[in-house]
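What follows is chain A paired twice: with chain B in the first complex and chain C in the second.
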Partner chain A sequence: MKLTPKQLVEVALGVLTSVGGYLDVGAVATTAQSGAEFGFRHLWVLGLGTLVVVFLVEMAGRFAAVSGHPLRTAMRERLGFNFFVATCTAEMVVGTLVLASEIGGIALALQLVTGIAYRWWALPAGLLVWALLWNGTFGVLEKGVALLGLVTLAFVVAAVKLHPAPGAVARGLIPGGGGGGGAAHYWFIAVAILGALISPYLFWFYSAGAVEDHWDEGHVATNRMVAVVGMGFGSVVAAGVLIVSAMVFLPRGIVVDDYAQVALGLTTALEGSRGFYLFAASLGVACLGAALEASLAMAYVVAQGLGWVWGESLRPRRAARFSLVYTGALLVAVVPMLLGVDPLALTVFSMALTAVMLPIAIFPFLVLMNDERYLGRHRNGRLSNAVVIGVIALGFVLAVVTIPLQLAGG
Partner chain B sequence: MIEEGRRVDLVGEVLDQQLRDFIGRPMGNVDGLVLELREGEPPRVSHVETGGVTLARRLRGPLGGWLAAAARRWGATRGEPFRIPWSRVKEVGLNVDLDLDADATPAWYWEHRLGRIVARIPGS
Partner chain C sequence: MRNPPRHRRSTPVATPPRARLHLLAAAAVPLALALAACGGSPQKRAGDAVETLRSWTATVRLAAESWLQGKTPPAYTRITLRKAEQTLDGAVTTLGEDPVLPAVAAESALLRAPGAATRRIAAAAGRGDRAAVRRELAALDGVEARLRALEERLSAREAKP
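So, the complex of A and B:
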């Protein structure tokens, strides 16, 4: 595939979506945990998750580009008001928890650098996210986060420097059972990784972003490439986290239960304080991207469902209701961190809730992606529909499996 | 303009579609349809409705009651549904396009009121 400079710029939307929604605090936490306990044996889960996300992101972008309506506008139109009220309410609750976790991630990154406890950083972090949304435009945020997101490649560099055995990495890409006593835990972590990777808000965000970027039917091919490159970026970095964690922690018998330990992993791999700061920067950037994305996604869901004026590129006074939704969400989301709730615990909890909601969130894809009025000849083919049905089925399994395993403490 | 003789599926193609004003700005969705019954003739769509009052009727249980109360207390139309005559409908596609200025309708009442508050915040 040949890239024109213009297409290269469009990739920014994919990378922003990826840094924010794919490579969020949950993905870093679960992949680090996985590597420390199971070595490379979860790499195939990353592969599967990436494949699913690429397909769904492609659909979200194609839908918006061809119809001019983002998915959430169309969900209201095709599935009605009652469905909107039910899903929107649930998503606002889960979204606020996710947002709180991401603000916690930013605050933790600042704690790592400054030594000042994360509770004190919650308010500044929330204010930073709000100020960027309030003053920035979609294009500036998209390109800014995409550029900053390149720092997360430190994990890939670290993974390469540790010289993992190619054979062992390849074996990790083949699905396999836990083996031995850790089988249940092995599958629990696999579920947690999938739950962290497949976050519905990522699709709403990307779909709205395609409209903000004025995509039209001519962008169908670009969209496909953006989905692959953008989500590919996230998955390569996530694989980097997993490999670093596997090579540094597993031989030493360290179980990851806080972020400072993950920082230590990068410090070991990159020899010295450089690694430590790179980890803090990566965590901070990934969580900042995710916080921007989660707050915007909530505003998009409400505004598009109710037919309000919306758009991050509009001045806040031109889209007052829209801007007040993300403002309100941020105000609520800083509270748990101010109260000193453990960010990692909150992340795991909100990921479980996301997993439970997955089947309901993905079901509309089946209805909308086959609607001729919106998509014409760009409707889903058999393969895409099979993927959607597969994800809904997977979602049901995640929903059923996650809660009892969470309660059992993993 | 809507072509003569075109058949439209009211529930599938009109209900819940996004409304747009004369320059394409979103102004809510088609939340309800009003049929006028006529002696010896088929019923005619006289109005489309939009806004909280109409939506409250579509929700069952206490939630609908609360929304209706809120619409009476704070709504732009004080509890009356906002009805748009069908003659104002210019086009039915993925959007329902109207020959109306959103700024001058109750659909943008809260957008304007909140906009005045937002305008006082720096950077808006």
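So, the complex of A and C:
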């Protein structure tokens, strides 16, 4: 696979934006909780989740590049209106909860720095997201915010500085249980991590973005490189959060149930006050990027499914209904934070719900990625199909077994 | 199929038989949520509350130490210590609810110590009195270990048939 200089630049930019945009409030919350309670024992979940994300992102990009269709348009065409309504409704509910969590993350970052309670920042944070969507273009939002997100690499630096034992880290990459009475909670956190990593909104956003960027068949190789390298390196950032949390909180017996505690991880790991401010910047920028993606993803899902004019690069007046969807979603999403809902609890719940939704969200990949009329010779191979089937099966197991276990345990 | 119109209504590729698996798939969510039921024995609830006390006592220590080292701004310290006070008081309230376990009743002074210390640390940090914060942290030495011992005793009782 030989890339032209232009393609190399595209790959480099794609990898940087993937790394910068990898973290969101869910990944921060779930990996921080995991590290504090279970040390490195969820690292394998990060590895598994990343592997799945690499495959699914590659498929989403390949589908858009080859067919010129975003996934959701094709899902409506191929699987019909009833399927669209069922999945769209579920995704709007979960998407709004995720968006509320991301807005909560921005508000909490501002609370950390200013001392003003996050509830007061919920509306300004929502307005900021809306103003960027209303006035920005896809390229500016995607690349600008994601490049700012490279600040999250601070977690990787901190993790290295804390000198985790290589053997212990390696053992964390081998699947295992939580042990003792914490087994249900161990698996619940594993589900939440998977939900945070394998967020369907990421695929709808990526697929629509490929169409917005006018990708064609010539981008198949670029897409593959971005998916593998970008998401692969991105997962290192999430692993950094987990390792910092494991090294700082676990020995001290701190169980993370508030973002104020999470801030102490990077603060303790780095010298001076830079750790604290880098954490606030990382949380704020990562959540801003994710809020933009989640808002757009909901607008894409509805507009593409209903055949409306859509496109973040279009002026709002040209895609009025598309713009109305993200405006409405943001209006609803600020409400939980205004009411003082606990952001961390909401985040973990949303991520677990996202994981429960996975089989429904991922099933269409199996149908669409094997459709010759869309993909021609770029159809899925056996390995890709095995991964999709594996994710669907995993999602069913997680939904049926783990969530009730956690809830039953109180 | 190549180069379909972009950013507008997409033309259907074909009209294949419509999949109706959504009903089956959508059932997963209510199934999972319908099984929700919270509870737990008094020992479990007490153990969780003591774990909260221990965890937030350690949080108070780390937050105060970070403030002493100039790593965190006063606003963050104030908010974190306030949150700690609320959480610690909440855990003590939970432990005081019926039925109060004998092991818990015997340690009421220990259970109230972190909340009281946090209030004093917050007040000292508020007036910039570093020496007082250090004294309070020193006084907290041993509290976390005793809380851990109590937590383990409660866990052991819960584990017994």
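Observations on the model:
Keep in mind that, in the parts below, the second predicted complex is superposed on the first by the 378 of 410 C-alpha atoms of A that agree within 3 Å, B and C clash if a C-alpha of one lies under 4 Å from a C-alpha of the other, contacts with A are read in each partner's own complex, and residues count from 1 in each chain.
Please note the rule applied: a residue touches a chain if its C-beta (ideal position, glycine included) is under 8 Å from a C-beta of that chain, and two chains touch if they have at least 3 such contacts.
Computed from a predicted model, the values in this text were never measured in an experiment.
After overlaying the two complexes on the shared chain, residue contacts for A:239 are found with neither chain B nor chain C. Of the two partner chains placed around the shared chain by superposition, chain B is the only one that A:131 touches, whereas chain C remains out of contact. Applying the stated contact rule after C-alpha superposition, one finds that A:323 touches chain B and leaves chain C untouched. In the superposed model, A:315 lies in contact with chain B only, and not with chain C.
After overlaying the two complexes on the shared chain, residue contacts for A:106 are found with neither chain B nor chain C. After overlaying the two complexes on the shared chain, residue contacts for A:214 are found with chain C alone; chain B is out of touch.
Residue by residue along chain A, chain B and chain C are tallied for touches, and C comes out ahead. Judged by the touch definition given at the top, the superposed model places A:374 against both chain B and chain C. Contacts of A:190 after superposition on the shared chain: neither chain B nor chain C is touched.
By the touch criterion defined above, A:359 reaches chain C but does not reach chain B.
Contacts of chain A with chain B, set against its contacts with chain C after fitting on chain A, overlap at residues 67-69, 73, 77-78, 80, 82, 307, 309-310, 373-374. Residues 13, 16-19, 25-29, 31, 50, 55, 58-59, 63, 94, 110-111, 114-115, 117-119, 121, 123-124 of chain B are the ones touching chain A in the complex. Note for the complex: chain A touches chain B at residues 67-69, 73, 76-78, 80-82, 85, 131, 134-135, 306-310, 315-318, 320-321, 323-324, 373-374.
The residues of chain C lying in touch with chain A in their complex are 1-4, 6-10, 12-14, 16, 18-23, 25-26, 28-29, 31-33, 35-40, 44-45, 51-52, 54-55, 58-59, 61-63, 66, 70-76, 78-80, 83, 87, 144, 148, 155, 158-159. Within the complex, the chain A residues that touch chain C are 67-69, 73-74, 77-80, 82-83, 86-87, 90, 111-115, 117, 181, 211-212, 214, 248, 252-255, 257-258, 260-261, 263-264, 267-268, 272-273, 275-276, 304, 307, 309-311, 314, 319, 353, 356-357, 359-360, 363, 367, 371, 373-374, 395-396, 399-400, 403-404, 407-410.
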